[in-house]
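Let me begin by presenting the structure, written as structure tokens, before commenting on it.
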Amino acid sequence: MINLEVPETLATVVSQAHRAAAEILRPGSRRNDRAEHTRPPELDVLGPLADHLSAFGPGGGPKPANKAENRNGSNLTSVLGIMEMCWGDAGLLLSLPRLGLGNAAIASVANEEQAKRFAGKWAAMAITEPDCGSDSAAIRTTAALDGDEYVLDGEKIFVTSGERADVVVVWATLDKSKGRAAIKSFVVEKGTPGFELVRLEHKLGIRASDTAHFRLENVRVPRENLLGDPEIDVRRGFAGVMQTFDNTRPLVAAMAVGVARAALDETRRLLTDAGLTIDYDRAGPRQPAAVAAFIALEADYEASYLLTLEAAWMADNARPNSLPASMAKAKAGRCATDITLRCIELVGSLGYSEDSLLEKWARDAKIMDIFEGTQQVQQLIVARRLLGKSSTELK
Amino acid sequence: MAVGTSTPGLFDLTPTEDQRLIRDTAAEFAAEQLRDRAAEADTRHGAPDDLVAKSAELGLTLLGVPEELGGVATARAAVTSILVTEALATGDMGLAVACLASAAVSTALARWGSGDAQATYLPRFVGADVPVAALAIAEPHALADPFEPHTVARRAPGGFVLDGAKSMVVRAAQAELFVISAHLEGGGPALFMVEADTSGLTVTADPAMGVRAAGLGRVDLTDVHVPETALLGEAYAECVRLSRLAWCGLAVGTAQAVLDYVIPYVNDRVAFGEPVSHRQGVAFTVADIAIELEAMRLATYRAAARADAGLPFAREAALAHRLCAEKGMRIGSDGVQLLGGHGYVREHPVERWYRDLRAVGVATGGVLV
Amino acid sequence: MINLEVPETLATVVSQAHRAAAEILRPGSRRNDRAEHTRPPELDVLGPLADHLSAFGPGGGPKPANKAENRNGSNLTSVLGIMEMCWGDAGLLLSLPRLGLGNAAIASVANEEQAKRFAGKWAAMAITEPDCGSDSAAIRTTAALDGDEYVLDGEKIFVTSGERADVVVVWATLDKSKGRAAIKSFVVEKGTPGFELVRLEHKLGIRASDTAHFRLENVRVPRENLLGDPEIDVRRGFAGVMQTFDNTRPLVAAMAVGVARAALDETRRLLTDAGLTIDYDRAGPRQPAAVAAFIALEADYEASYLLTLEAAWMADNARPNSLPASMAKAKAGRCATDITLRCIELVGSLGYSEDSLLEKWARDAKIMDIFEGTQQVQQLIVARRLLGKSSTELK
Amino acid sequence: MAVGTSTPGLFDLTPTEDQRLIRDTAAEFAAEQLRDRAAEADTRHGAPDDLVAKSAELGLTLLGVPEELGGVATARAAVTSILVTEALATGDMGLAVACLASAAVSTALARWGSGDAQATYLPRFVGADVPVAALAIAEPHALADPFEPHTVARRAPGGFVLDGAKSMVVRAAQAELFVISAHLEGGGPALFMVEADTSGLTVTADPAMGVRAAGLGRVDLTDVHVPETALLGEAYAECVRLSRLAWCGLAVGTAQAVLDYVIPYVNDRVAFGEPVSHRQGVAFTVADIAIELEAMRLATYRAAARADAGLPFAREAALAHRLCAEKGMRIGSDGVQLLGGHGYVREHPVERWYRDLRAVGVATGGVLV
């Protein structure tokens, strides 16, 4: 039966996440934003919470026993939890120990031995290189088998939590001539000789989260640190990696939704304090411009929110969700930027000042439309599916 | 916005078996009957009677009427009505509105009518020969607000006297019965049943940009007397919300028609040696249509499901309506644009969808879920 | 000295055009819209006016004597006149005798003999074919020299004023294998054997204007009817034809501006009658939503208007104006559609009814974003110029 | 909108020789001095004094001051000021605002100051050692409207008493003199000169999202006494319009910087074997930046030229401001998007332009043309 409300069964998790967001994440938002590259003190408290949340992570939890049965499982729980946490602070959410993208990758493609060996490690993910953005097939970092070890050489940028994580999952190619199929991911322990932190980035937003730039020179890792299948299978080699993205896109969409809601909640408070009433029934040309604008922004929020829930719900019910995942990411990514920027304008100079968090959210939001596949990448994925086109036809 | 409100039920996007059945039947009717006859009905500014009669066989007027009153509803049926409305609109918005006009009145009667009114009027709506009827809320003046109708109802001995004018009244010329919104003096806006042959009521054709197959007309009311029982119960705001939601359903169905039409078109159309769909400018437009459409649909379903569950839904209906009016119109415009010059001529239905989709931002009344 | 006002020297022409628009074009708008495919009776009155206007047509009038001297010439006059006329009725403006696109083409590329021979003829332009839209290089209509005549074969659609014009300028290729350079334009007199009107289109808007579909079967025209150079010059063959577009794009932009202004004027009237005040200084979040929306639409109108004047002014001053011409066409085309559609929504059901011309203008406006190069074509032209890309690099 | 208002002059987009000269000088200063020092000033939340001093050598404070008062203006100089403002902003918006702050006050004094006020203050502004000064209009409360300041001025013996707070005050900590807007009891909004060391006036740093190099601060006024001569003449609305126009100039210059930066970037950046500029998604974004930018510029010039010609310009200033606030912000956002992840880090200036361009929609005061 069609119902788009959060079920009672998840209410507790959601309200716990909201409480953590309100009581732990939000209060330090401005401090952590100003103290870029300083480890947020909240991380110590958040470690245990993160471990609790990771039990609900995407791909985690039991699978549906019966295909016909409707499930509200770990994916839905994750996106709801993330929305609340990012309502608190997106930078801190991204810094949560052991909830890194690398952990998602390990969860998706590690074998049993690896899963056990890396359990409890905080894993960052290193994909992007100075000269490759969305084009992961252009990866130049190489991995060469030498005895029982792979030797990695290359350069990686935009590694979220790269400094704070215990290990980094590094994408590298076994053979540049074989394209995407030859790209594998390798777990590199921090402190491995030749694995050098070049710098931390100064960023527009999400400054509580560290973003690292690494150089790999003759970095040797045990051959058992290659995640998944070491063979180059041209037919399906890349599938495992892309699978990770199908799982993580709804999470990023959820982050965007959380930030957008933070801005809307604060703007609503300021508008109503200033004497305006948000009357949904009377929405029309005679109401104050700020109210009409607010409702239009809230409509885009609602769209982003529901697309995100849909993508997670489909994953919970073992339906292919690549299309809705990209739809959610595309819509939520662009709307979070629009909404947070417009909220500042509605409020005025007060919203532009560091006295308010509105300006921070407009800086944080912009990354949601960029990382884990830009707006353009999501549009390509959606368009290719709808039009039945390959990546060589629709580039 | 506090933490999302919870309900006992699980999040679910699956219609019930019954809903699926009636939706599929409606979709079939839309594909087989409505689509082909839409262009002519648009030109003629009216729906063929036989087509509307055939649509009645789908049981549209029964959907919002409880079993005990002769209908099929076992509970509030906004979601079911939305699914049917959406399915019909994939065939044609104007014809869908024409087919659904009487159901708006039967639903209003069943929901808010007095026992007397129900006894008087409902049997025919749940019978074999459904009367033509229309729910009239919009008004023909600039910046009209459904919550401040200029049409007024004064109390008079034995009932009320109505004066004013209504616009976008569906099948106005054929209708036997109207449900009309008016400002009740000393009260607020309210709904009144007015029979078409009541003295002082006149009907004029009022063709518009789109939904022309619905045979829109203007109803003028001069000193129109109606009895006490003409007043429908205290649910004005709910009626406006449910009518706006019905327009959302129409927008979703029509936008789906656009998407389904442009995909093969841009794949087949070749320019500069390749299908035009190989260009990001074209492909991203198609992607955005699909994204906004899916969001329109989800927002509409959410509001309808909340209405059915008895939860407050003013916010959700307003947000769904904002999305459907704005993004729906953009989808209509992008549909024409994707076909270029071909989109501008009547050979293809996209020009009609452009005209129809503008209605969503201006219409209240006519349809109801 | 920077000044973006209409000069006194053109005030008379503009006010004449406005009067004609208000007194002749506008009153018949609804009638002509309803009576599609019927010759608007206004055309008889408008003939002489059109001849007067054509003296000011693009490319007409004296050239600047001195490059440094600032000129407000025929291009500026044309766009200003067209704005006024389309404020009256765009469909009728498009139907003005002897002001067809074909006339513009003749004015641009005809030699002296041709100019004389076709003087006073109303010339339509036939470019598009059923399987070619923006891609004029894909033209399949052929022209083969046979003795002293060219023999034309093919099919042409979207010929504005095709039925009413005296002659049609038909684009055809002398040699399909030679691409754009082999495309030439030929003047075909109405009544030439084999030149058959297939049908008139039923259209979304601009219904006062007829749009014809022709078939050409073994149509023989004198070889002197080829406009311009009959040689296939691969280096510059297409330039003459494209030149026509540089001249006509600002005109179409001006049409869009005129229609948009009609809608804004009417909406302003309705809003103020309904008791709202357009206060430009107090534009802000507390004013009524309709006023804020109106000002936002008017800003887009102002943008379209000024870009159009700029493109015309540059042509008057013999500066390359391909970039501003496409900018004006892109902006004015999309804004006219947005503005007219939004005006209906601001006004409500009244604006949707045929009782108001607002709904008609929203139908008329849409063609402005399509013909003479769609929005996408204009964006391509602008982007290629800015980025320094060829049409094979940026497709 | 009647037929366009006519003026004797011809339509012309060519600056005068003098305008070209000063604009080019400003552009050179922007390219050679401002751009390189922008990132550090942004981080430090303040402009280097030497840089501001150097900018004074351009004669910025003379532009709006007539020759007879020691300036260079032979007529109203809104267009000239816009050209200079735009040119400086191509270097950096925050530093441009810092450099232009004192000029806003000298222009206000020259235009609306009494003879007394001009005699007291202007000589230093047209001298070698220009004092730091700021025009303060914005206020730190939600939905602030410059035409309804919450700061109030009461008449008191010998002058006025001011109470309230001002936000986004440029170089607030260094300023010696403020021109402050307040609601004059029994009148409307008005401007008052207040010296920084007046008792009851306190300054707090108030860093914001962007224009950080301008050293924005908050000024609180508690029972601040100023003399009769502190009141500037009757031109409040004009001042607000001309300040908004100055922000338009800043937006145009900054947006131009974005365009000039992204074009080589997207041409150089290779993905999937080709420059990313070969994709319509990228190329059309660049095209739209250029189109909207050109329109922002023309609308700003038109309003400024009308102001100089003594024509009404409230409408044109409002439209230019709407364009510059909205499209300017979109250009800032698209600039970051075109660089992808690289746009999000401070290595490239686009993230700063994103932050700066949001100011245009919220700021009034600080700059003036």
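Each chain gets a letter, A, B, C and D, in the order it is written, and its residues are counted from 1.
In the analysis below, a contact is a pair of C-beta atoms (placed from the backbone, for glycine too) under 8 Å apart; a residue touches a chain by one contact, two chains touch by 3 or more.
A quick map from chain label to UniProt name: A, B, C, D = Acyl-CoA dehydrogenase.
Note that the coordinates shown come from a computational prediction; the quantities given were computed from them, not determined experimentally.
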Farthest chain relative to subunit D (centres taken as mean CA coordinates): B
Contact-richer chain pair (by C-beta pairs counted) among A-B and A-D: A-B
Intercentroid distance (Cα basis), subunit B paired with subunit A, Å: 39
Where subunit B and subunit D are represented by their mean Cα positions, the distance between them in whole Å: 50
Centroid distance [mean C-alpha coordinates] between subunit D and subunit A, Å: 38
Sites on subunit C at which at least two other chains make contact: 276, 284-286, 290, 346, 348, 376, 379, 395
For subunit B, residues contacting two or more additional chains: 143, 279-281, 284
Residues of subunit B that touch subunit D when the two form their complex: 279-281, 284
Contacting residues of subunit A [partner subunit B, same complex]: 1-11, 14-15, 18, 70-72, 76, 80, 84, 261, 264-265, 268, 280-286, 295-296, 298-300, 302-304, 306-307, 309-310, 313, 324, 327, 330-331, 376, 379-380, 382-384, 386-389, 393-395
Touching residues (chain side subunit C, partner subunit B) in the complex: 128, 131-135, 137-138, 157-158, 201-205, 211, 270-271, 273-274, 276, 290, 337, 341, 344-355, 359-360, 362-363, 366-367, 369-371, 374-376, 379, 395
Complex contacts: residues of subunit B adjacent to subunit C: 138-144, 167-168, 206-210, 216, 269-272, 279, 281-282, 325, 329, 333, 336-337, 340-347, 351, 354-355, 358-359, 361-363
Touching residues (chain side subunit B, partner subunit A) in the complex: 1, 3-16, 19, 79, 143, 145, 147, 237, 240-241, 259, 263, 266-267, 275, 277-278, 280, 283-284, 286-288, 290-292, 294-296, 298-299, 301-302, 304-306, 309, 311, 314-323, 326
